[in-house]
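Chains here go by letter, A, B, C and D, matching the order in which they are written, and residues are numbered from 1 within each.
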Amino acid sequence: MQYEVEVGGRLLQVVVTRTGDGFAVSVDGQTRHVDAARIDGQMLSLIVDSVWSKEVNVAADPVGGQLVVHIGTTPVAVTLNGRRRWGRKNDGAGTSSGPQRLVAPMPGKIVRVLAKAGDTVAARQPLVVVEAMKMENELRASREGTVAEIHVAEGTSVEAGALLLVIQ
Amino acid sequence: MQYEVEVGGRLLQVVVTRTGDGFAVSVDGQTRHVDAARIDGQMLSLIVDSVWSKEVNVAADPVGGQLVVHIGTTPVAVTLNGRRRWGRKNDGAGTSSGPQRLVAPMPGKIVRVLAKAGDTVAARQPLVVVEAMKMENELRASREGTVAEIHVAEGTSVEAGALLLVIQ
Amino acid sequence: MSPVAVYSECDRNALHVRFADEAYAIGPSAPRESYLRIEAIIDAARKCGADGVHPGYGFLAENEDFAAAVRDAGLTFIGPSPEAIETMGSKTAARTAAKRAGVPVVPGTEDPLSVDVPEDQIAASAAAIGYPLLVKAVAGGGGKGMRTVADPADLAGAVRAARSEAGTAFGDATVYLERRLTRPRHIEVQLLGDSHGTVLPFVERECSIQRRHQKVVEETPSLAVSPALRAAMTSAAAQVAKAVGYTNAGTIEFLLDEDGRFYFLEMNTRLQVEHPITEMVSGVDLVRWQIRIARGERIDLDPAQLIRPSGHAIECRIYAEDPDNNFLPSPGRIQQLRAPAGPGIRDDSGATAGLDVPIFYDPMISKLVAWAEDRPLAIARMQRALGEYLVTGIKTTVPFFAWLLAQPDFQSGRFHTTYLDEVLKSRNGRPFVETTPALEELAAAAAALEAVMSPSVLAADASADRLEAPGARRWQTLARAEGLR
Amino acid sequence: MSPVAVYSECDRNALHVRFADEAYAIGPSAPRESYLRIEAIIDAARKCGADGVHPGYGFLAENEDFAAAVRDAGLTFIGPSPEAIETMGSKTAARTAAKRAGVPVVPGTEDPLSVDVPEDQIAASAAAIGYPLLVKAVAGGGGKGMRTVADPADLAGAVRAARSEAGTAFGDATVYLERRLTRPRHIEVQLLGDSHGTVLPFVERECSIQRRHQKVVEETPSLAVSPALRAAMTSAAAQVAKAVGYTNAGTIEFLLDEDGRFYFLEMNTRLQVEHPITEMVSGVDLVRWQIRIARGERIDLDPAQLIRPSGHAIECRIYAEDPDNNFLPSPGRIQQLRAPAGPGIRDDSGATAGLDVPIFYDPMISKLVAWAEDRPLAIARMQRALGEYLVTGIKTTVPFFAWLLAQPDFQSGRFHTTYLDEVLKSRNGRPFVETTPALEELAAAAAALEAVMSPSVLAADASADRLEAPGARRWQTLARAEGLR
């Protein structure tokens, strides 16, 4: 089976072939032997090249929706066979080009909107303050631009993933 | 929904009815309100009559096959809608009448057979010694009787659940 | 003793409910509709015939009306008297009490600034105290209703913001002003006092590692406290408590400036989140003593023993927050959870796999504590434990702590209350989880393997019931991927 | 330090493999084909470029040939010298060494009875020692290859049985005879010795709670040991170790008779299963010291501190056994596992949900340890922890321990090495889990509720892959039930 995996900004070609005692996994042409044992619904125990032992855990991030692979306890976000084709490009999930859509990372109450349409904003400038879990949390611009749309008003409640505003 | 539950030698009639905020569960006519919350695939959190909090865990015993309900950490074996109808009556799973079929509780090696066909045996008399996990374990008669059949020989290996001998 | 729990709607499946013998629903999820409703809690206590009420360390734990209501209901309040809570609960009254006990306090306003105090008067007191200063909620705690003001021009706005936040969080919008010391340490002293006049202090706790005025790491003892200073601070703490006839468990917080001078900051009239580290180095069960004291028993601990640390303990507050996204709360369903264990490790957790971290409360899911013979070994043990702490489905601050404990400044103890905010600012959002190309390639391989090894994903059904949701969601994700190859 | 694991086939998914950085397969599940294969382990150590080998506490941990092979391979053996293991590993040589050190030993045969010693000669030495006596494997341990003989007529059979069991378990069928003291206690002393001549003893461990000669509960300190007796036993232990130039961690086991006389029993030349309770009351990390000592470091601990207990610790060995079925092993897939945590609790576990308990090895799945200020509080804490220890899919000894810790004899410390076997005999198989009618009705309600709340059971499929097996099996069970209504 062949997969296209995007991780850390790289697009990797991964080919998985079953062998007698496990799998041959080639990543961008470099092939390793992997003994993969199922621990539970999400966890695999891998022994790579008969030596390196790693616990890996593959699950979808409830907010972002992309796959998160935990290597031990280190989370690594990956996309399998093309975020493009999922049409999720503009989720504001850290993309660095095109309009930035600021979405609510958690449900909460909008206590302050610090920008108005047409404002020029700098990277990391606070744009919206959301109160959740009794703390006020600043949502910032991930890059500079101009506020094109504002979709929330102070005092309203929003769900996780709700579109708050758009920066061109 | 109506169920017949056998537990601790008693046969209980259980009727479960959904209510607005949980279930009405009647056991042999005595009805209680139960708020049942699913914790995971096997665990339920119950709050009985809006007061009593109990974690319960329903799973099949891999060896005996009957259901085991853990109330907190206390295991209680039950059979739902009639072991009889499952044709499992003669499993030697602690039945107190009819022939006793002694089965291997775990996989292991038969190191000694201490009785022969025709022997009269007393309750708790050792019948077979199975070695597993480097320890020798005595299997005893659950009640007195006569050895009718012997299905194992010393030195042989047996799987969990294998029939070892029958006492009439 | 049989424990009885109270719970709000969203806490129906919480561990404290599942472990209790009895559990009483006291209202909707919003705190003011449940955990802050005194009469609802008293009512539950009456229903179950409770002898006493332990207020925990949140919500009404420092509310004198609650303590009084418990007492008036004929029940034992497992904590100090309503009078002591009221006195020390008011930051300004507490400062007065400390001064009466001869303990230095941080310069600030003597009287609270109620909402009707005019701005020019506030400005005047501010000028007298001097800038930079802090605007603090009189009823405050945990950094809520607190603002720093460096420029007089920002004073009015800061007061407004602090008042509104204090009003929401504590139902009391009164604030006061306090000089802000430069680069102080937050050092606090745990106390136990009984109803027979005995007040015993414990070895100090070092709580200077704070993010936005919230403690995130605590340890005991403090590298900054010499035996002589310990003797001075612990006895000062005991004096303040005695001055107000304090009983049960409480903590005196001090600021320690760069010249080794300490100032009374405030008193917490309750058990604190960080109490386990004191239990680890003293071997004393503070909660058991709270109950024994409430029963009127005498403290029979050896005072000398309590201020002699046995080893070193560190606590990391594990939060459901995304450290790589400005520490935004990360509520949701915990898919997998494996807590570390073994020698010297204590994990006081409120989370299990399958549990939802609610959006309504402080998102702390666990207090991870490591004890060892000395500080370097305790740090090493905590690092080992953090490396085994697996939580999926939500983001946690575990990667942040792994980073923090590796910092030379942390390891050498060179920090103060604004150290962390300054470091975080200078990092400018750089991720704490740093992956390597090799790690990324392994992740890619793992994702592909999971897709290969679980063909059932193709049969995954979006209408799987809630229980299966996390798994199902993942299968969908993969299924979509598969479908599009 | 980077840990490297070796594993047999059935341990592929074991925690030690998953937590290690590197893992090497060393053969099939049967011990003699893997964990007892010296060359396979040396080979793995060479491959990964290990500096040292820690033998753990099973299999080859007390095998002098293994220790020598590690040394000859140019690696550090984290344990005593092969010579010390050989001397103290032979029960008869150890008895001689003890006597030379002036420590009393239990009367018994001076020389091992190899397989060719004629029965009449064995009978003669037995008569000289007197009955009741024990037939013990020279290479033995953990009650394997051990038989009690009260009647001379049973001697020959007992020797045969012990030899066969010893041969299987240790590859050495040699046995010896030893007087059996009546109602003795098993008291042992933990030691650390360095390569510079220092040998330090720790507070004694009370290990009299044994089932069929296997320790199931250990605690420290012992109620039966006064400070004076502690001084005598700990210095006697140190003398024996010094007499054989012992280094690293080891334990001297004594029998303490009803009159307070103690006899050298044997030495364990390795870390022991029960070492955590000593770590809890001493604050010393024994495994870290094993490594430091193996590196040639000097022990710089305060000797006086080590024999002064700080609090009380108890260990329960949690086994995959069915206490209500004559403690038969209960291997299989662990469906759910929730271990207790919190103040004073340490759970050193090798099990997780989804793991199979193999049939090939000792079925211990965890060591549950509770520490508290004193013994009654430690017992109470252990009872709390046992009440939270949830394991499903297999049977465990948790219910047995809950029963045992509630026994007046246990709580008052009135027990000896045969106490447990006698009590179990007298109970004649009466179940440890005692249900009440109310509990049974709740169980019935729960089973019915589960059937109602999981309609998906009707769709359950017997061909569910292995991972889903436990759940699926359960669904089938229910489905069958449903189908038959």
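FYI, contacts are C-beta pairs under 8 Å (C-beta built on N, C-alpha and C of every residue); 3 or more make two chains touch, one makes a residue touch a chain.
Here the structure is a predicted model, which is why all the values come from computation and not from measurement.
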Where chain B and chain C overlap in contact partners, by chain label = D
Task = Please state whether A-D or A-C has more C-beta contact pairs across its interface.
result = A-C
Ask   = Quick one: chain C and chain D, Cα centre-to-centre, how many Å?
value = 40
Inquiry  = On a C-alpha centroid basis, what's the spacing between chain A and chain D, in Å?
reply    = 47
Task = Could you please state the distance in Å, as a whole number, between where the Cα atoms of chain B are centred and where those of chain D are centred?
result = 29
Key: Per-residue overlap in chain C, given as positions that touch at least 2 other chains   = 352, 388
Request  = Mind pulling the residue numbers of chain A that touch at least two other chains?
outcome  = 38, 40-41, 55
Note = The residues of chain D that touch chain A in their complex are 5, 12-13, 17-18, 20-25, 47-48, 352-355, 466-467
In the complex, chain C residues that touch chain A = 31, 144, 165, 168-169, 322, 325-333, 335-336, 359-363, 386-390, 392-395, 398-399, 428-429, 433, 435, 437, 439-453, 470-471, 473-474, 476-478, 480-482, 484-485
Ask   = Which of the residues in chain B come into contact with chain D in the complex?
value = 1-3, 5, 7-8, 10, 12, 14, 16, 18, 23, 25, 27-28, 30, 32, 34, 36, 38, 40-44, 46, 48, 54-60, 62-63, 65-76, 78, 80-82, 85-86, 105-108, 124, 132-140, 160
Task = Report the residues of chain C in contact with chain D in the complex, numbered from low to high.
result = 19, 276, 279, 283-285, 287, 310-311, 338-339, 341-349, 352, 372-373, 377, 388, 456, 465
Remark   = Interface with chain C, chain B side, in the complex: residues 35, 37-41, 45, 47, 50-53, 55
